[in-house]
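Quick one: the structure is below, and I'll ask about it shortly.
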Amino acid sequence: MIKYSIRRILLTIPLLLVVLSMVFVFVRLAPGDPAMAMLGQYATQEGLDALRKQMGLDAPMWLQYLRFLGDLLRGDLGVSMLNGVPVVDQLRVVLPYTLELTVSAMVLGVLLGVPMGVYTALRRNRSADYSGRVVSLVGISIPSFFLGILLLYVFSVRMDLFPVLGAGRDGDLGDRLYHLVLPTLSLGLIMTSYIMRMTRSSMLNVLNEDFVRTAKSKGLQERIVVYKHAFMNALIPVVSVLGIYFIINLGSSIMTEIVFSRPGLGKLMVLAMKQRDYVVLQSVMVIYATLAIFINLFVDLIYGLIDPRIKYG
Amino acid sequence: MKNDILLEVRDLHTHFYTDEGLVKAADGIDITIKKGKTLGLVGESGCGKSVTALSIMRLIQEPPGKIVKGEILFDDQNLLKLSEAKMRHIRGNRISMIFQEPMTSLNPLLRCGNQIAEAISLHQGVSNRDARAKAVEMLQKVGIPDPEGRAREYPHQMSGGMRQRVMIAMALSCNPELMIADEPTTALDVSIQAQILALMNQLKEEFGASILLITHDLGVIADMAQSVAVMYAGKIVEYVDVVRLFDNPMHPYSVGLMESIPKMDEVVPEDKILRTIPGVVPSLYNLPSGCYFQERCNEAFDACGKKVPPLIEIEPGHLLRCWKYGQQ
Amino acid sequence: MEKYYKLRSLAVLFIAVLMIAGLSQDVGAAKDNILRIAFDSGDTKSMDPGRSFGTQDMALQDMIFNGLLRYKPGDISVIETDLAERYEVSGDGMAMTFYLRKGVMSHPFKGYPDGIELTTEDIAYNIKKNQDPKTSTYSSTYMNFEAEIIDKYTIKIKLKERMVQPELFFTDYRGGFVILKKAFETIGALRHNTSPVGTGPFKVDKYIPGQKVILKAHDKYFRGKPKLDAVEALFMPDINAREFALRKGEIDVMEGMREQPWIEKMKKVSIVEIFGPGEINHLNFNVSRKPFDNKKVRQALMYATSRDELLTFVGADAADPMCSIIPPFMKGGLSCDDIAKKGLLYKHDIEKAKKLLAEAGYPNGFDVEETITERLSYRRSMENIQAQWKKVGVNIKLNVVDHATYHTKIRQDVNPFTMYICMRPNADIFLSWFFHSDAIVVSGKRPVTNFSHYTLVDDLIIKARNETDSAKQEEIWRQIQTKLLEDGINYPMYVLKFVFARNDRIDWGFEQKAVLALYTQINEQTSLKK
Amino acid sequence: MLNDLRRKQLRVFLRNRIAVVGFFLTLLLILIAFFAGYVAPYDPNEQNVYSRLTSPDLKHWFGTDSYGRDTLSRVIHGSRISLAVGVCSIIFGMVIGSLAGMFAAFDRGKIGNLIMRAVDVMMCFPAEIFAILFLVMIGQGMDKLIFAIGVVMAPRFARLSYGTTLSIREREYIEAARALGAKRPRIVLKHIFPNILGEILVMCSLWTATAIRVEANLSFLGMGVPPPTATWGNMVRTGVSQLTNAPWLSIFPGLAIMVAVLAFNLIGDGLRDVMDPKLQQG
């Protein structure tokens, strides 16, 4: 297990490095001029040149790259090209919002999806199974922004049950949670569908396994067979794809943040994209990729913990 | 006389309703197992042996399977009439089962000791600690070295033979009266096979259990069983004690089976190759009318194509399903 | 199996917590003495006056800073003193003298908990800062000034070249806002972007990037303590979110949509404020590009464009028709009636347009590629023009880019005709930036926004600038506009006014008639009803 | 034998009512997209000042937008973009992805290893982020969108074909073919590709659904095919601003996205059931 973990952790380092380089290259190759974006319609040529120099955009690409890596190593993500705010500060503000949203959606997805997946698997080919399958198919087909808009329209505009704006007051937990409900639902219900489908098919696979038959032949009660033997085994493939689902979740959260006007990485990214703020843009992308890499690492380690074949492998 | 009969299966019909149509996997099975004896059930793959075993355990998946007809008398009670709760009390306790695939028949997430102890504490109502102690004892009985340590291991840490020993330990842990072994050695190396079979024989004696041994390997039958039922396409075609079967097989299918065993004590001439039964097992979806074996039988005649022959006792203790002998 | 039941109860618990959290909240913001305003923008670019061009930036600066002079709150037709007590312009118009108010205190900043007093040294520093392209966006304009400090409260500003209304560059608008030398140097240019120090009624308390700026009342404001405790400026680029927030009372005032249906909708649920002078939306044909080098083609397209239809789209409340580049309310401007009298209205006439195109050799029209910003005020009109021109066979293929890229691209001279929406303080700036050959994009001597590559009015522009008789000056400006229309260079469409929606709690303290910098002004007079 | 298998699979597919619904839905969508010009009641870009923001009625089933354009016609024409981008990008992604995966599985040398590491890296990004990264670099437009989404989807195909190829690679007939001296491209095309094709096709329809959703997401963020071309994501995006007074502007195109994605998912699900006998047994 320790060997496995170390190997797994070491593997992320080159992965991260490549991701960083890729982000750097992509963003630098982008058209549009940050200096122009910053100076706006009154820009003069001298002004533009001076600003480019000030921002280090006139340096050769390799030098910019080395600076970029060096700064990252020191935990310095640079300052926004537009307002000079250190990117780290901006990320520190928005990251918790994105995390609270994506994690709570994931938790909701697991807490609803797993039991529903088990239930439909056990009622295979009955009406509960059919309706569950159709609903979950709709769930994985509906774009998160559309679900968000529908929830917003029904619960905020029509029924006036939930707020529409932002993420709630800082330090007021109740308010934060209150603002989190609809966005979490719009992401979490989609996650629920994914996890439910996965759990169902995994459970069906496991129920056909020999060891389930063995367990039955021992005279164990149905529930014990299902939950102690089948369920725990069915959970392993589900856990192994949670990392992938989290990445999907992370991607969808961008649209959700826009729809609900919530602060967060996604909102920051879209803004930076529009303003050609390369420093912020590349930092946000790096954070997204890093998040995804670490979530995958985390999931793999958990996976190692629950599967003895890896733990004692 | 009646008292020494442990299990009697009468006219068992187990059908599967699949997308492709109806499959009569067990189509009127009659077998009897005596106390302390071993009955061998032989036949090619897909002839319904395992279905018969699972029907006795009432572990047929429903749907698509269903036991449509018949009686399974175990200790004078019809298992098919029992409530699920009562049946559970019999499973693993009075009738236990060993499966073909030791690699996949154990739960990979549970320690072997716990998997054995689970059945013990369920059926014998002992504390978890006692159950675990008993499990270690059983592991020792099946000849596993360092049973204490092995009990704490997971299945993937063991070899196939080891795992099959664990399965046997599990099956015997509650002193069952009947042990159903479904091809227990097929997946194992030849050298291990012999060890496992010897172990089963030894333990049968020790525990006084009966065994229903399912196999396609007549060599195994010769070593283990007292009587044999030969099965073909969902039906018993010959039922007789082991000596008579080997000396004088009567059903053409049994004859074919016998002839396909290489005999160690005979020198096979260069020009004579091992004989096989021609043709393939008929599709269970589309059985021929009349005797199911007729297409592969080189002794078939008109009557065989008309009606399925009945199973009749042509001499005491020898049942046969063939028009050649039982012509009215 | 235990685990399963645990999971299920956890799920139930989770939902219950969310529900309880939901129900226990009272909807809407607390009724405190804080005004919340939401802007159509994702963030502020900078609150430094030298570095801004977005509406939201200037709206913030307006609360934080003062100019030497100011437009009367809510009314651009009157210019009054602000930081200056009084000022004089020399007889030849080449120098101005400002006399500062005494005792104007800045916001507190690092090391100066009581703030510092504003002096002429700060004014001189401002001009220097505005001249440096590194620290200012407006350097080309301010290059023309030279400051001479007479004493602590008196400063003389000389002009190198003649300028029309030079005092306009010292009003509360863009580079005219005054920062404090000491504060700027103490906290540094970078931090000054996000926590600037000024003398205005409100000081920046907290800036949360991408979310909001919280401004607290400046107790020592020289006009007196503001009535509001604080202003929260929220950045909400999504119109929907702003609208919802206003409806639910989470904000008090929002930047609206400059479009009739939206205005009408919002009038039912809120107070909609529409004010001028607005921005002029005009098309500039690029005479260096085929087939727009042909006057007949340009005229044909002007005939093919229906100003009425464009106006109907935007709506009567949000826009007024414009027939010439200089609006009638500005010195030297021309109204639509004036233009009609001159016979240069180019009244919508498809047949005439087709005829002109045929004469020019394009009886079936032609295809043209055009880059346009995604910003709605531009895009909506461009898409309408696209639909209108299609009727005479001219097909526009649109490349939509974001607004910053659009500004980059049009300055790289990519477009055969360029749509531009803007306001300039006077006719001279309008004409010289759009039609003087020096200002031609890319190739001009000092490239600004001459997208039409037009060179034939240089003399007239200079002549007007040097003309001291204001009546004659206006006459030359009108002459230029006539020539532009005759040559089919520029097609003005409409003046786009500003739309804000608010609840009834706000009392601005003055009437918002016309604000040059395009936002609802908030000052010390502004208050909220309880 | 093979024919029997196919016929059996077809029967299983047809018995799966959900999948059949998906099939006909997709067929309908494709027909609508193909004949958009004939099906749509109006020109999708024709503006009409005097019928702006009319709610759904007999004349305009889905209402009109703030330009007075017919929403139904725009939704119908929007299907072209969604389907074209979805299908083309998947074909593009499938070709480069599966080739790369098969090559990597066969090569197992440095280059193959490099390819799979690159795949790992690409899979780290949420699809939308990765696509945005590309679009920021190459600019917007339909062709670029297809390219970007294709590249985003390619790693999935690479991983899939890598895995399947590895397992097939070791089978006897490949060994045999190699022993007979067949060249590598020949082995890949003749022996491996036909064997992994089934699995790839199943995933194609599921991932077309994903691609359509990604396209909608990008459109919604303003990175899709630029207006006035009607795309569903774009329509939702601009329609959202009128949610309170003209909800039809965002609801109908939103529903259209959902239906299209759903249709491909249904087919994919059905195909998977057909291909995976374990799941469909019993």
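To keep things simple, chains are lettered A, B, C and D as they appear, and every chain counts its residues starting from 1.
The rule is short, and it goes like this: a contact is a pair of C-beta atoms (placed from the backbone, for glycine too) under 8 Å apart; a residue touches a chain by one contact, two chains touch by 3 or more.
Since we're looking at a predicted model, the values are computed, not measured.
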Which chain is the middle one, judged by CA centres? A
Going by the touch criterion at the top, tell me which pair is linked by more C-beta contacts: A-C or A-B. A-C
Can you give the whole-Å distance between the Cα centres of subunit A and subunit C? 38
Would you kindly tell me how far, in whole Å, the mean C-alpha position of subunit D lies from that of subunit B? 51
Indicate the whole-number Å distance between the mean C-alpha point of subunit A and the mean C-alpha point of subunit D. 22
Multi-partner residues of subunit A (at least 2 other chains): 31, 152, 157, 232, 258-259, 270, 273-274
In subunit D, what residues contact two or more other chains? 222, 240, 243-244, 281-282
Which positions in subunit C touch two or more other chains at once? 238, 244, 401-402
Per the contact definition, I'd like the list of subunit C residues that touch subunit A in the complex. 1-4, 7-8, 10-11, 14, 17-18, 21-22, 24-25, 27, 42-46, 51-54, 133-134, 136-140, 174, 189-191, 193-194, 207-211, 236-238, 241, 244-245, 248, 250-251, 401-405, 407-408, 411, 422, 446-449
Taking the touch rule as given, give the residues of subunit B at its contact with subunit A in the complex, in rising order. 57, 59, 63, 88-93, 96-97, 99, 101, 104-110, 118-119, 122-123, 153-154, 156-157, 167, 170
Subunit A-facing residues of subunit D, complex: 18, 117-118, 120-121, 123-129, 132-134, 136-137, 139, 209, 213, 216-217, 220-223, 233, 236, 240, 243-244, 247, 250-251, 254, 257-258, 261-262, 265-266, 269, 278-279, 281-282
Under the touch definition given earlier, write down the residues of subunit C that touch subunit D in their complex. 238-240, 243-244, 247, 257, 259, 261-262, 265, 309, 312-313, 374, 379-380, 383-384, 386-387, 398-402
Subunit A contacts subunit D in the complex at 14-15, 18-19, 22-23, 26-27, 29-31, 133-134, 137-138, 140-146, 149-150, 152-153, 157, 201, 204-205, 208, 244, 247-248, 250-252, 254-255, 258-259, 269-270, 273-274, 281, 285, 288-289, 292-293, 296
